[in-house]
Amino acid sequence: MTAEKIQAVETNTLPYAAGFCWSTGFLMEKFIKSLAKKEIWAAKCPRCGYTYVPPRNRCGQCDAKIEEKDLTKLSGKGILVGFTKAYVQLDASSKFVDLDEPIFIGAVKLDGADSNLFMQIAEIDPQDIKEGIKVQVKWQDQTQGAISDIQYFTHYTG
Amino acid sequence: MQRRVAIVGYAQSEYQFNVPRTREDQVFDVVKAALRHAGILREEVDSVVTASSDFLDGRTISNVFLSMAVGAYQKDESKVEEDGTGALLYGLMRILAGTHDVVTIEAHTLASTINPHQILFYSLDPLFDRQVGLMNDIAAAAIQARMYMKKYSVPEEAVAMVSVKNLANAALNPLTHRKMPDLTVEEVLNSKLYYEPIRELMIPPITDGVCALILASEEKAREITDRPVWIEGVGTYQDSYLRDRDLTRFESLGKAAAKAYEMAGIKDPYREINVFEVSEKFAHEELMIYEALGLAREGHGQSLIEKGLTNREGEIPVNPSGGALSADPICATGLTRVIEAARQIRGDAGGCQIPYVERALAHGQFGICAQKNTVFILGGDQ
Amino acid sequence: MLRNAAIIGCGQTKHSGRRRDVNQAELVSEAVHNALEDAQVSLKEVNALVVGNMQGFGGVANPDLWIGDWIGAPGKPVLRIATGGTTGGSVGQGGFYSVMSGLYDIVVATAWEKHSDSKEAGATTGLLHVALANFFHAFGYGLSMKNLLATSAVGAAAGVAAYQARFYMHRSGCRSEHFDMVAAKARRNAARNKYAHLQWPNCTPEDIHKTELIVDPFRYGHVCPASDGASAIVIACEDIALKKCKRPAWVKGLASYSDEETQMQSESGGGVGVLDPSEQMGARLSAMKAYQQAGIKDPKQEIDVAEIYQPFPSQELLFSEKLGLFDEGKAWIAMEKGETEINGRMPCDPSGGVNATNAIGSSALQRILEAGLQVMGKAEDHQVPKKVRNAVAHGWGGVTNYITVTVLGETPAPRR
Amino acid sequence: MAYLKDQRRETMMVEGSWNIGAYRYKGSTQLQEYVDGLKEKKLIGSLCPGCGKVIVQPRNICGRCHRRMDKRMVVSHKGTITCFVISPPIEKGKYKIIGMDPVEAGVIQEGAILVPVFVRFDGADSNINTILLNCPPEKVHIGMRVKAVFVENPEGKLSDLEGVEPLKE
């Protein structure tokens, strides 16, 4: 038997997924639980003022410690700073499959925050989706204190 | 640098999709070929540094069954989990420290094992972005491309021209994966849309690949070869996480390049570097890379491609090997760029050869929207 | 070595089975900022970071991309190193090389693991994945569950450790009761270390012996826990170390020699040529190289304290021999005489070691850190009551084929 | 006395998964050669042309010599136990192997004691991990001579080699 004859065969993998349950820490817990009350909390660095949403306990810009007292409530309104129209998505088997209906994914800078949130943009006429337009949160009808409480961002109603 | 360090040998696998051979087999062949290329035996190697990723390989401790294949049996071995340029940097540090003289650097990813874009989904913030479940590296790159193109009025055609240039260059490189010598801008712009404005031909193909190189201290390099390729400068930096970055520029790449230029004593990269091998994981990134490397002012990367300056025949050829757009074996992509740059300096680049190369730049990146960048400056003797 | 490097600050988190009060990033940040505070260095002064964990345990790919923002990574070089169980040791050594290379002056090396973030009990997710790809392959050739039970030594965590222990017992004449003694010592020592996980003041070998048998020779009381925790060290070049730190811990020697995997299959289900997994040539070679760099000729006399990576008690005994601290097969006799206790002649794992605290990715860095604390005289309640000139830190990983050995001392290594 | 407790408030959790089933691993067909041998009750190993070591089961690469091991050898059915461990009586619900309980699956009888061993077959330079059969656990010792036990009708599967049993020489 020579080396050339040694071929590789593909292995059948078992349908198995490793599960994870990440603990959130206090600030993120407050953020997620407050979504039930339709509130969005951000963390404002006490030293440099950079405002993170979702909140975090350490400033990436100046390394200051951020505590619960530094949390500020945001209005849920913001500006669309960038976006893309998605024609595909990753399916459960990690393959790209075509979406029946393309969706918009936007980078939203909430008023009072410096971070961008990457969320779906919907219920806006596709022709009106442009950089710089104002958007606001569309909540689920029944909020439960989970990240899915934010359905998507939609047109600004003032 | 405390010591001079040179590349004295290298080898690459053929970059393809779904190569019907095992990981161990491919790695063994390439490492063996690199040692042969340097003309040394495994016994002369002091240390081995590899680059691979547990998530990309689908097993914890991805290198655990490869120590024999990379020739690390009873050698000082380590592994970085990022682009191969990270392994090269670590190998370089080991030689600079004076504790080792000859180091094998190996990098691989068999991307056909799993859709690598899924892995970049797994790298998102698990507490928020992964819960939202919308993003992956292509979506992020698309948002970035749009923001960049909007900010500087870059036409889609300029982005497509990057694909046209690199995939045509790839046709001259027998090893690479996606070769399209007669590709047109229209064809790129008519290819399948993934995330607007990013289309199929602006994304690298899914590639299996292995590459390896041998690094040696000055004394050893002189013994081993007459044509050492010296490492003259290196810089590496990381950016903030996706949410807190200015996506329209590669800040960390700019810093990495500045650092590498400073070490190599380069004032004007445009004139002092003859060829550039960069890791553009999406076509628009190459334009942003031009700017970060100081080849064009911010927002003016497009003019280089439009004027043909970065073509093979241009003043500053970029990716004559085909670049990452032609083959992207994730962890090996950056190291491939280093090897291609070294080939240019030694005059061994075959069909891809650019005349009169004395100095070359190689760039590797890792993460979403090139969050981490490493730049190497290579030079020949003199 | 062309340039000296030293540890000038150490930081770690409290380790426990469930650090659910923080997320992964906050955990890492806690250790890094403790280390910076200890070193009296601000993140601004840090030139580069070396980080690492075992991705599969925490479930986040390339975690440095996300976690980096908690530890000042933006605008800094970050190198992520991961080599299985030795990840921490490799990260620490990566940090040392970073400074020794002359490229950076102050480097922070940090490693962590958060086992409670995995839904599966203990470390099974991660450990299983080491072998999973190979098992999937072997299933195709009719691998039975009985075969699997044999490979895993009927589920004794890392199966190979049980076999390795038996080899050692056969060779040295030590018995399972000696493992009780090592484990009891680890828990007692841990009780004096405020950061450790399994703390049991006054634990006796009998307490351990009462625990249930997993597979002869191991009992539940012998095995390490799965901990959440992180550790970090601040490494500086000579000028800065002398300026910033009264008693830095100098790196005198470091090596990480690999060996052939000691059990299980190669990549595609082949056998392995290591006949005795307790032989550990990698450890022997690493120790030789590190001592040579450090100018240590007789480790029995010149090493004052050892931090050995011992998730299983048999490993403290056998690796202390490979590190040259005792004659081959004689470590257990020295241990019986109390020589490895905190106040003994050759204290082994005064911190409690991995047997008491195992946040896998971080464990081997913790050995370096603890050895550093002993040299710096900052180990508080578990400081050994004698002058520490040299300390050795060890790590093992992979299929017991990866080794890191680091020698720290009160003075830099002699120049050659 | 017992373990000291570390008490702190736990924060909420969010979930996620890593889909291992989506990977497409590749393995070498060398295992096929080995199981083909088992079908004929032969134990096949690979021979390194560099150092002459024979490794069972065959492997592709000899790390010591950094060479391919492309020669094959048949080794003896007789061998020596180099290592063993002894399980306590195996109870239902005690062990899980990839989500399955060996007792529940009927692989092992409730209360059985398992003796996994390392065996070095004569002519091989490697150990094989298998199970000791037909021997009371207290009799097992390192250096014990054993011989391979195959299933009655080998089908060319890894499970064809059931284990080893004491050899009466």
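Quick notes on this structure:
So that you can tell them apart, the chains are marked A, B, C and D in the order they are listed, and the count of residues begins at 1 in each.
Rule of thumb we're sticking to: a residue touches a chain if its C-beta (ideal position, glycine included) is under 8 Å from a C-beta of that chain, and two chains touch if they have at least 3 such contacts.
Fair warning: this is a prediction, and the values are worked out from it, not measured in the lab.
Using the contact threshold fixed earlier, the set of chains in contact with both subunit A and subunit B is C, D.
For the interfaces B-D and B-C, the C-beta contact count is higher for B-C. The distance from the centre of subunit B to the centre of subunit D, with each centre set as the mean of the Cα atoms, comes to 41 Å. The geometric centre of subunit B is 33 Å away from that of subunit C, both derived from CA atoms. In terms of their C-alpha centroids, the spacing between subunit A and subunit D amounts to 46 Å.
Averaged C-alpha coordinates put the centre of subunit C at 28 Å from the centre of subunit D.
In subunit D, 10-11, 13-20, 22-28, 30, 60-64, 68, 98 are the positions where the chain touches two or more neighbouring chains simultaneously.
Shown for subunit C are the residues that touch two or more other chains, namely 19-24, 56, 59, 68-69, 74, 119, 129, 132-134, 136-137, 140, 260, 265-268.
Residue positions 20-25, 55, 58, 67-69, 72-73, 114-115, 118, 122, 126-127, 131, 240-241, 244 of subunit B each touch two or more of the other chains. Chain-to-chain contact here is organised exhaustively, every possible pair of chains being in touch.
Taken in their complex, subunit D has these residues touching subunit B: 14, 16, 18-20, 22-28, 60-64, 66, 68. Chain contact summary for the complex, subunit B toward subunit A: residues 20-22, 25, 114-115, 117-118, 121, 126-129, 131-132, 134-136, 139-140, 142-144, 146-147, 150, 192-198, 240-244, 247. The part of subunit B that touches subunit D in the complex is made up of residues 20-25, 28, 32, 42, 55, 58, 67-69, 71-73, 110, 112-115, 118, 122, 126-127, 130-131.
Interface residues of subunit A facing subunit C in the complex, by the touch rule stated above, are 9, 11-14, 18-26, 28, 56-58, 60-61, 63, 65.
Against subunit B, the residues of subunit A that register as touching in their complex are 6-8, 20, 22, 24, 28, 50, 52, 54, 60-61, 81-88, 90, 94-96, 105-107, 114-120, 131, 147-148.
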